[in-house]
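Below, each structure is written out as structure tokens.
Common to both upcoming complexes is chain A, partnered first by chain B, then by chain C.
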Partner chain A sequence: MPASSTATAVPTAPRTVGPRPPLGRTRARRRETAADIAMMAPPLILVAGLIIVPIGIAVYLSFTDWNGFTSPPHTIGFRNYTRLIHDPAVKHAAFLTLLITAIGTIACNVLGLGVALLLNRNTRINAILRVLVFYPYVVGAVILGFLWSSILGTNGAVDAALGAHHSLPFLSDPKWAIATVVCVIVWSSFGVNVVLYLAGLQTVPDNVLEAAKIDGASPWQTFWRVKLPMLAPTVTVNVVLVVIGLLRVYELILALTAGGPAGETQSFVYNILTSSFDNTQLGYGAAQSVVLMVFIVVVTIVITAARRRSEQAVAA
Partner chain B sequence: MRRTGSTSTTVGAPSARQGGVLHRTRTAKVSVAAGLAVSLVALAGCSSSSASGSGAMTGNIRILANITPVLTKTYYKGLVAPFVKSHPGVTVTIESPSGTNVQSTLQQELVSGAAPDIVASTLDPVVAPQMTDFPNASWVTSTPLSDSNKVDGRIWQVATGLQNQSLVYYNETAFQKAGITAPPTSLDEFTADLGKLKAAGYVALQTAGEWVTGAQFSMMANPGLLGGDPTWYAERNDKKVTFAHSPYATYLKAYAGWVASGAIPKNSLGEKYQDSIDNFLAGRSGMYIMGNWLDASVDSAKNLPFKVGVFATPTADGSAPKQMSGQAQPYSILKSSKHQALDLALVKYLVTDKAAVTTSLKSEGNFRAGYSYSGSDLDAAVGKIVDTAPGTVTGTAGPGVNAGFGNELNTVVQSLYTGQSADKAAAKLDSWWNANAGQ
Partner chain C sequence: MTGRRAGRLLAVLVLVLIMVGPLYLMVTNAFKSQHDILTEPFGWPTSGFSLKYLHAALTSPDFNVVRAYGVTVLFVVAVNVLNLLIVGPASYAIARGTRRYHRAVMLVLLAGLFIPGQTLVIPVIYVLKALGLIGTIPGFLLFETTLTVPTTVFLFVAFVQTVPRELDEAARIDGASRYGTFWRVIFPLMRPVAATAMVLNSAGVWTDFVNPQFILGPQSGVYTVTTGVYAAISRLSTNYTVVYPNILLATAPVIVFYVFMQRRIIGGLTAGAIKG
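Let's look at the complex of A and B:
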């Protein structure tokens, strides 16, 4: 990923006022512009149709009381937004999602980078281990959720191994269930971080590492002073991807705990779907979706800006 | 969904580089045409596929069905097979829900314009505006609970039978070992028997996480809530009554006591529905509150190490409870369906044909006046309870009930396992109802 900060350093050519181009060239330029627009039209239509229009519809629905079955929707102003501020289920889901995101982001990146450093050498065993680490990411979240629920659920594989009187409440106690959800999420998703960090480590030039070695840098100093600063763009990509992914976590929770016990593991997106479909309040669900969307955009901008600022500070 | 033929193949790519502006202009035109073609094909693909008119008696009927361990796709295919055989040119596709349940799947499919023709599942009345009115014919009005599920005087759902749900299945061997000589009738007796079963080494009351916890609670408590006051939900909407001062509070208190005493293990919430059936059938638990569809699972279990008995759910005063009942295997027709006459013919077949109805009733041990089938001893025992019950009450869905109430009740009952007091649980139900009333 190119460092965006370098874009500002590119000198721009001074504008010169010259004679008007001949008519033929103007016509050609117009044709070129028309061709450019025509070439861009299909992706623009797709983006508008698949992203902008749905977002617009979601924003519109968030101001209605539509239940998904009756028509037309009735506009109710900001009532959905004021309601979600006071809704204890939304508050709990927001807190849980932030908790999962905070712990998950740190765990996925620390584990991802750590395992990437361990598997960075090109050996046969490392190739196998890379596949194994990445494998959970390839398997669907729903399958993983059901798999782990059969392992960790009451009377599951772990309970069977421990015996009837030593059952562990992985999915039945709220605190255990939240910890289980976080662990399974991290286990299932950090493989992609490993791959991204491995790709980032490949870009660290050998001559820089050799120079550090000649200068007498220890492995820790080499990592901390050389590799990590050079991995900064990779770290940003990983952090942004993990944060966005964890803020939207749903399928794995559905299959693993079904939001239980007592709704304690209902994430924000889980709550959106419960409001929208179980409670048939699509308008209210849309309001929650809009809030989540805005939050994700803001968090992404903040993370990117923070990285850019730190890069500029390092460069200075 | 049948797709129309792709028109994009008719757009020819430029045969050779012609150079300069002319080439780019042509490229632009081709791009625009290709873009339009792609859009049109996409739109055509999303539109309804049926070419049949509303009166046509041929075509493919899509049924979105409630799939359970008993009501499998194979079951539904077998059910409609005779109809398909007697109607040349008709095919039926059984679709299982892609969302968390049938109603949420239907909602998503309606929004995306890909709704099925028929829904085979219990639905909330909120869905009624999307459904075709059934005619005021005797075959419609004679279906079970056709009157009680009306919306604005319209019958929009017809059922094959009745499900009775206020039942407690029990392990007779466990009862003998625990020294219980007769099934309990009151909450106090029930609580005492739970203690005896636990002392005898059994999981006294079998439950599970998912939807099971709240469903079992309503099977037990709804006869208390609505038995003496069938209009209770309407009164709650008028704010004349509250959950905190209703029979629900009594049952919540009793339930919290069972959890606290260990009669219901706290780790039960880590089990899934099928786990709870398996545990009961493995003889690990003493009692299991469930609807009469459990008969099918019990009857199909091979070499059960004990005999299963059944009694009506206990009441506060020990009187015989009304049965929480609901429509069994109901059908609705979507207004958006392109072959209404064919849909109606199929639904009429499913709810009136003697063989189809009997197969349907037998599949879950359901009931319907005028229809009989050779059932098991357990079916007969349930039939006896139904016959002697003083009436029926509704569940956690239906006219006047906020959509999602069953889901919230489930969450609230599960909160008793996580330290919530019964009083706070009842209060939570009230605050949820207030927040969701009229939404």
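Let's look at the complex of A and C:
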């Protein structure tokens, strides 16, 4: 037994034999509570100090003009919030982020489920393909962004291969750049969805698929009437994960376009971090952070609630 | 039926092309001169094959790759160790607890589940500044560990609840303390869920850019692989003899590690997401 246990071992050992005196019982209980508190305190302190309190501080800073240096910051009321409503950069970033999230969520889920169906059978080749679609996850967004920027950027690999007269403005034309950003984001994240949908497909019982086959269902009908409804919880997880991930998209854009051309591909988080650190307007940045935080929490709740109905349909 | 097979084959082919294409360019162009990259970006580097650029990237004064790898690996290990030490016993206490405060603690710890780390950067800088920890490794590790707490608590509590309480009773009768019970009896059973948590947390720390960039900061002189690559190539992003070798160096070891550990990594992520 470890040395630390001897302290408790001595008093508790006799108590298991005879009837416990009430005093000892409360003392044991108190000791139990003390151990509980000692065990729970470290993460509680961390989460309180570096998540809960900062959320409060973000709200506080959002009412100030803090620039990162002056202390204490000056309170300026709702001015940051009225400013961000009218700020064209914020509006553009919000619109772009919503666009990326909407298209990305649909594309990642359609591709994710489609490729999962394609790779569903347990063969060696499918195992290799599964590894292949998932590798972007371990490489990370910054490095993937740089890689794609050297492929699609001006003078990049594709440009060079097409020759000077046929070059395509993947990252230099605003509309093209937005489309490119969306495609690269989907490319780098749909592998996670493939893997999750594959895991979901494993949970569809074979006898159900067998029954559908015996009833003469075509593969198409089996998918829409049997597999997809049974995947409802998996769909929820995938949609929530992609939405939360895309609402905070930043690193990939930073490396791929650096927000360009002319700020056209700056996402919401990009705007928060770059404009508030480059312009040392951390109070203004905090206001945008608060808006994003509230939005993400609301969207998560709404999606989960909306999906509950189709999930219950499975259970019924 | 054959049309169906052909469609399948075509889909797999497209999939392989779009996934392998970037890797092919990354590897081949790391060994070519700027001229060759610009004239034949898709070509195999037979004529102008050179290790010069890779060597230059390895010994670059701007960005010490080997050091960045060492730093990042240390960060990953430190966050995982801290995470297990801090979250393990707490999850055990919560899972075994029956009182109202156990539930309350659980809810507080899960609060961070939906709060993206990037939106916390500004106020966390404020807090760490007040504590004198901004721009320091301890400050960075504390915040990075904190970000791992919500998911890990969620996974661990759910797991411990499936472990029969009789084990605790037996350990207690044998004279084990609560910490002893957890570390010697419960924790060894948690290996699968601990592996899941470690996969998620390691990937999170390894690919993180925002926190090492803004909490640690370039002025600390400590670069991870992501912030190092960013510092090394964002200024020179059209000098491809710098870009490709750096990307290759930042990617190759991770991909090799991933290929060997793929079952664990993919399995870990799946388990984490489905329970989370």
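Simple rule for what comes next: the second predicted complex is superposed on the first by the 269 of 316 C-alpha atoms of A that agree within 3 Å, B and C clash if a C-alpha of one lies under 4 Å from a C-alpha of the other, contacts with A are read in each partner's own complex, and residues count from 1 in each chain.
Rule of thumb we're sticking to: contacts are C-beta pairs under 8 Å (C-beta built on N, C-alpha and C of every residue); 3 or more make two chains touch, one makes a residue touch a chain.
Bear in mind the structure is a predicted one, so any value in this text is a computation, not a measurement.
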Task = Answer with clash or fit: chain B and chain C placed together on chain A by superposition.
result = clash
Query = Given the touch rule stated above, what does A:L241 touch, chain B (first), chain C (second), both, or neither?
reply = second
Inquiry  = Under the stated touch criterion, which partner chain does A:A258 make contact with: chain B (first), chain C (second), both, or neither?
reply    = both
Query = First (chain B), second (chain C), both or neither: which does A:P42 touch?
reply = both
Task = Applying the touch criterion given at the start, work out whether A:G112 contacts chain B, chain C, both or neither, answering first, second, both or neither.
result = neither
Ask   = Thinking of the overlay built on chain A, is A:L273 touched by chain B (first), by chain C (second), by both, or by neither?
value = both
Task = Using the superposition on chain A described above, determine whether A:N67 touches chain B (first), chain C (second), both, or neither.
result = first
Ask   = Between chain B (first) and chain C (second), which does A:L171 come into contact with in this model arrangement: first, second, both, or neither?
value = first
Query = Of the two partner chains, chain B (first) and chain C (second), which one does A:G153 touch, if any: first, second, both, or neither?
reply = both
More chain A residues in contact [chain B versus chain C] = C
Query = So which chain C segment collides with chain B once the two are superposed: 96-104, 168-176 or 258-266?
reply = 168-176
Inquiry  = Need the overlap of the two footprints on chain A, from chain B and from chain C, as residue ranges.
reply    = 32, 35, 39, 41-42, 49, 68, 149, 153-156, 254, 258, 273, 276-277, 282
Key: chain A-touching residues of chain C, taken from the complex the two chains share   = 8, 11-12, 15-16, 18-20, 22-23, 25-26, 29, 37-42, 85-87, 89-90, 92-94, 97, 102, 105, 108-109, 111-112, 114-116, 118-127, 142-143, 145-146, 149-150, 153, 172-180, 182, 184, 203, 206-207, 209-210, 214, 225-226, 229-230, 233-234, 237-238, 240, 243-244, 247, 250-251, 254-255, 257-259, 262, 265-266, 269-270, 273-274, 276
Chain C contact footprint on chain A (complex, rising order) = 1-2, 4-9, 12-13, 16, 32, 35-36, 39-44, 46-58, 61, 66, 68, 115, 118, 125, 129-135, 137-143, 146-151, 153-158, 160-161, 187, 192, 195-196, 198-200, 234, 237, 241, 244, 247-248, 250-251, 254-255, 258, 269, 272-273, 276-277, 282, 285-286, 289-290, 292-293, 296-297, 300
Message = Touching residues of chain B toward chain A in the complex: what are they?
response = 20-21, 24-25, 27-29, 31-32, 34-35, 38-39, 99-101, 103-104, 107-108, 110-111, 124, 126-130, 209-210, 265-272, 275, 279, 402-404, 407, 411-412, 414-415, 417-418, 420, 435-436, 439
For the chain A and chain B complex, residues of the former touching the latter = 27-28, 31-32, 34-35, 37-39, 41-42, 45, 49, 65, 67-71, 83, 87, 149, 152-156, 167, 169-174, 254, 257-258, 260-264, 273-274, 276-282, 284
